[in-house]
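These are the structures, in structure tokens.
In the two complexes that follow, subunit A is the common piece, with subunit B as its partner first and subunit C second.
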Partner chain A sequence: MALINLLFFPGFTFLFMCALFFEWLDRRIIARFQERVGPPWFQPLADFIKLLAKEDIVPSGAHAKAAALLPMFSLTAVLTAGLYVPVGNVVTASFEGDLIVVLFLLSLPALGYFLAGWTSVGVYSLIGGHRSLLQYFSYEVPFLMAVASPAILSGSWRIASIAAYQSQTTWGALMQPLGFILAIIGLIGKLKRDPLDIPKAKSEVVAGSLTDFSGRKIALWHLSIYIQTVVGIFLLVNLFLGGSSHQSLFVALPIFGLKALGILILLSMISVLYARLRIDQLANLGWRVLAPLALIQLLVTIWSGG
Partner chain B sequence: MNRITVPIGPQHPLLKEPMAFQLTVEGESVIESTLRLGYVHRGIERLCQERTYVQNIHLVERVCGICSHVHTTTYCQGVEALLGLEVPLRGLYLRTLLCELERIHSHLLWLGVLARNIGFDTIFMYAWRDREIVLDIMEDLSGGRVSHAVNVIGGVRIDLTEEHRDTILSQLDLLDKQVAHLLGIVEHERSLKARTQNIGHLSLEDVRRYCVVGPVARASGLNVDLRRDRPPPPYDRLTFTVPVHEDGDVWARTWVRMRETVESVRLCRQILTLLPDGPVAARARRRVPAGEVISRSEAPRGEVIYYIRSDGSDIPARVKIRTPTLTSLITLPTQLEGVNMADVSVVLAGVDLCIACADR
Partner chain C sequence: MQQWLTKQVHNIVSWARRKSPWILHFNSGGCNGCDIEILDLLTPRYDVERLGILKEASPRHADILICTGPVTRQSRDRLRQIYEQIPEPKWVVAVGSCSCSGGVFQGGHNILGGVENVLPVDIYIPGCPCRPEAIIDGLAQLLETIT
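The block that comes next holds the complex of A and B.
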């Protein structure tokens, strides 16, 4: 049973399918907003297979072992995080404090991304790596404070109990709208999506840390980023939209899926609406606006009876 | 922090044409920049001396991929002056119509490039979608979307019927609406302003010192426009305003270009309603009497200058082209000094470089 959980549902296969589907839907929604057609449904899978089959080049001077290990490291981290996040009413692994573990695992790819830039030889990678670290320091603190508020409110650091608490009372997004908005912004920063795609800004640093990667490695990087998207969205559904704790799996899963799609559409819309920020503008935003707001949200939560 | 040298080009996602920058970067700010050009030099000026005046029309059309029509217009204007040829008014109107359509096309394309460089893909898609309207009009008129081959010495080779005129007018209505929408975004969208204001600043003195022309000069407060200052017909019979801004940054350039687009749509509409009857071209002799001439016109990027010398044969003795991009290229080291690495793409987009024009 544990093996099935790990490999199929809600483990690797499920997350993989979700990642491909979310990627396709994301690209499709953005395309429709921009009056384009967008890719067909099999495009993400085709891209993945194509990249797997392509020649794998490591530039001379780059750290070959690091280049091979870092994408796997990131992928492992986000897949592990996926195990601790309840999907619908399915809780694979859960213990008091698993929220903190998930947050830690979800921020590991940022470290991997930075190291990927650090260990490669290109200047674009180097700048991309630097930027990803700066970005990490700007969004992570408000993000952590924002996701801490529902935990404090429900009196538990266990994701499943937070979701259960909210399904008995009301959604976290309604009780803590500020926290929800901050968590969304933090998630955008974490996933390096437009308008916070500063570390991989195409017109500035080509592809950031991933400029010198190719073939299998870039495929794994893309996969880890999209699985991170899926896990991040699932986490927010549990923390702010009450998850889905219906008795029957066949009712709980669609409800959960709809909530997740709602957040995905929100993310797509935000990425269509704004121009990319500059790294100093993000640092300003993060520390002068988002962090104080997150602090206020946290204090209000504690004050009102956490 | 260590200084590193970041190469931008000859191939780079932010460049649409090949040129090479070496940026010395400390942290994220640019300390020094050097520029290398010449990757698309095709020796067009030399080739002009080996072809007849008529053949050269097709050659100078290929100087630029965007403002191709204005190059042939300026060239034909010069040769016509040497010949002492009177061009029929209808021909001049149609020539100008294409010039203005080309300005709209060029400015919308540029807005798309700028939006892409600041990571605002939606505006990029919208601007290029609206540009399609202009391209369709131009294709209907001449058969070509980018290279039109419309000009001949003595006039144009196209004419248009009443129904065709009405179709174009209705297409212009749609364009008017879309351009107004884009102008609204430029004026009000805060994330766009945050990336373009106070960047790539050029003062009025700098503009004067470097002899900058076109929208870049007008965005720094220099009120020059050849169409108004020395109007070639039919501009003297048309009414339009020349937008000028004082700020001198990339946002001011964006605003000036979008306002100009609005004015160009207005001009197109005037040209179509005032279009006189008559022939579209006059017959020109093959041999051009000896002499020399300087022909100028206002291209989308500013003033284009053609110097043509004739020795009395049917082949020009010299054709010298000065494109507006040259004047903005010299200002780039000034503009790039001290800017954030992330703003390099914005500065480069802001001046609207046409490397094919500059290299020839």
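The block that comes next holds the complex of A and C.
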């Protein structure tokens, strides 16, 4: 049973399929908003297979071992995080304090991304790596504070109990709208999605840290970013939209899926609507606006008797 | 059995290659007319993302190198360098009369002629500038040859 959980549902296979589906839906929604048709449904799969089968070049001077290990490291971190996040009413592994473990595992890819830029030779990779670290320091603090507020409100640091608490009272997004907005902004920064895609901005730094990678390394990096998207969205569904704790799996899962799709559509709409910030603008926004707001949310939660 | 498996894997991989060609665009000395037509491909009217085509910024991520303009003495080495940075398997498309033969720049003191003088070209798309429909048609013909 544990092996089935690990490999199929809600383990690797399920997260992989979700990642492909979310990537397709994301690209399709963005295309539809831009009055384009968008890619066909099998596009992410074709991209993945093609990248796996391409030549794998390591530029001379780059750290070959680090280049090979870092994408696997990020992928492992996000897949492990996926195990601790309940999907529907299925809780694979859970203990008091797993929220902190998940947050830690979800922020590991940022470190991997920075190191990938640091150990390759190109200037674009180096700039991309530095920007990703600077961006990390801007979004992570408000994100952590925003995610801590539902935990304090429900009096538990276990994701499953936070979701259960909310299904008895009401959604966290209604009780803590400010925290929800901040968590969404933090998630966009974490995933390096469109308004905050500063570390990999095409017109400025080519492809950021990943500029010099090719073949299966790029495939694994893309996969880990999209699995991070899936796990991040699932986490927010549990923390702010009450998860889904219906008795029957066949009711709980569709409800959970609809909530997750809602957040995905929100993210796609935001990336169509807003233009990219500069890195100094993001640092300003993060420390002058988002962090104080997150602090207010946290204090209000504590005082209102969490 | 093993042969059959190898064949199936090969089929899947070439299907993926046909369905997901990522392009890199390089102008080696043209007038910018063809480049604007290539950008047309990404606009809502032509939208090549429905064929799986993405325009990549780094040669390491690309499959198809789209060249415009004649090759000048100055850009020759860079063109070759960019071609070598693209991982195998890769294809080269010459877009516009200039990159097919040198076009109106033919015989200039700094012009080497078409892209074929420097790189192995897989498909030529003439026109000055060539229409977006012609570029899409050329790319589709190129993709059909991938087996």
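Here, the second predicted complex is superposed on the first by the 306 of 306 C-alpha atoms of A that agree within 3 Å, B and C clash if a C-alpha of one lies under 4 Å from a C-alpha of the other, contacts with A are read in each partner's own complex, and residues count from 1 in each chain.
Here is the rule we use: a contact is a pair of C-beta atoms (placed from the backbone, for glycine too) under 8 Å apart; a residue touches a chain by one contact, two chains touch by 3 or more.
All of these numbers come straight from a predicted model, not from anything done at the bench.
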{"item": "Subunit B versus subunit C as contact partner of A:F213, first or second or both or neither", "value": "second"}
{"item": "Touching partner for A:D26 - first (subunit B), second (subunit C), both, neither", "value": "neither"}
{"item": "First (subunit B), second (subunit C), both or neither touched by A:K202", "value": "both"}
{"item": "Which superposed partner A:V37 touches (first subunit B, second subunit C, both, neither)", "value": "second"}
{"item": "Which superposed partner A:K54 touches (first subunit B, second subunit C, both, neither)", "value": "second"}
{"item": "Contacts of A:A46 with subunit B and subunit C, given as first, second, both or neither", "value": "second"}
{"item": "First, second, both or neither for A:D98, with subunit B first and subunit C second", "value": "neither"}
{"item": "Partner chain in contact with A:V123 - subunit B first, subunit C second, else both or neither", "value": "first"}
{"item": "Set of subunit A residues, in rising order, touched by both subunit B and subunit C", "value": "34-36, 124, 202-203, 206"}
{"item": "Parts of subunit B lying in touch with subunit A, wherever the complex brings them together", "value": "4-7, 12-14, 25, 28, 115-123, 125-126, 129, 189, 191-192, 194-195, 340-345"}
{"item": "For the subunit A and subunit C complex, residues of the former touching the latter", "value": "27, 31, 34-40, 42-43, 45-50, 53-57, 124, 202-203, 206-207, 210-215, 218"}
{"item": "List of subunit C residues in touch with subunit A within their complex", "value": "12-13, 15-17, 19-20, 44, 47, 49-50, 52, 56-58, 60-61, 63, 85, 87-89"}
{"item": "Touching residues on subunit A, where the partner in the complex is subunit B", "value": "30, 33-36, 123-124, 126-127, 130-131, 194-195, 197-198, 201-206, 272-281"}
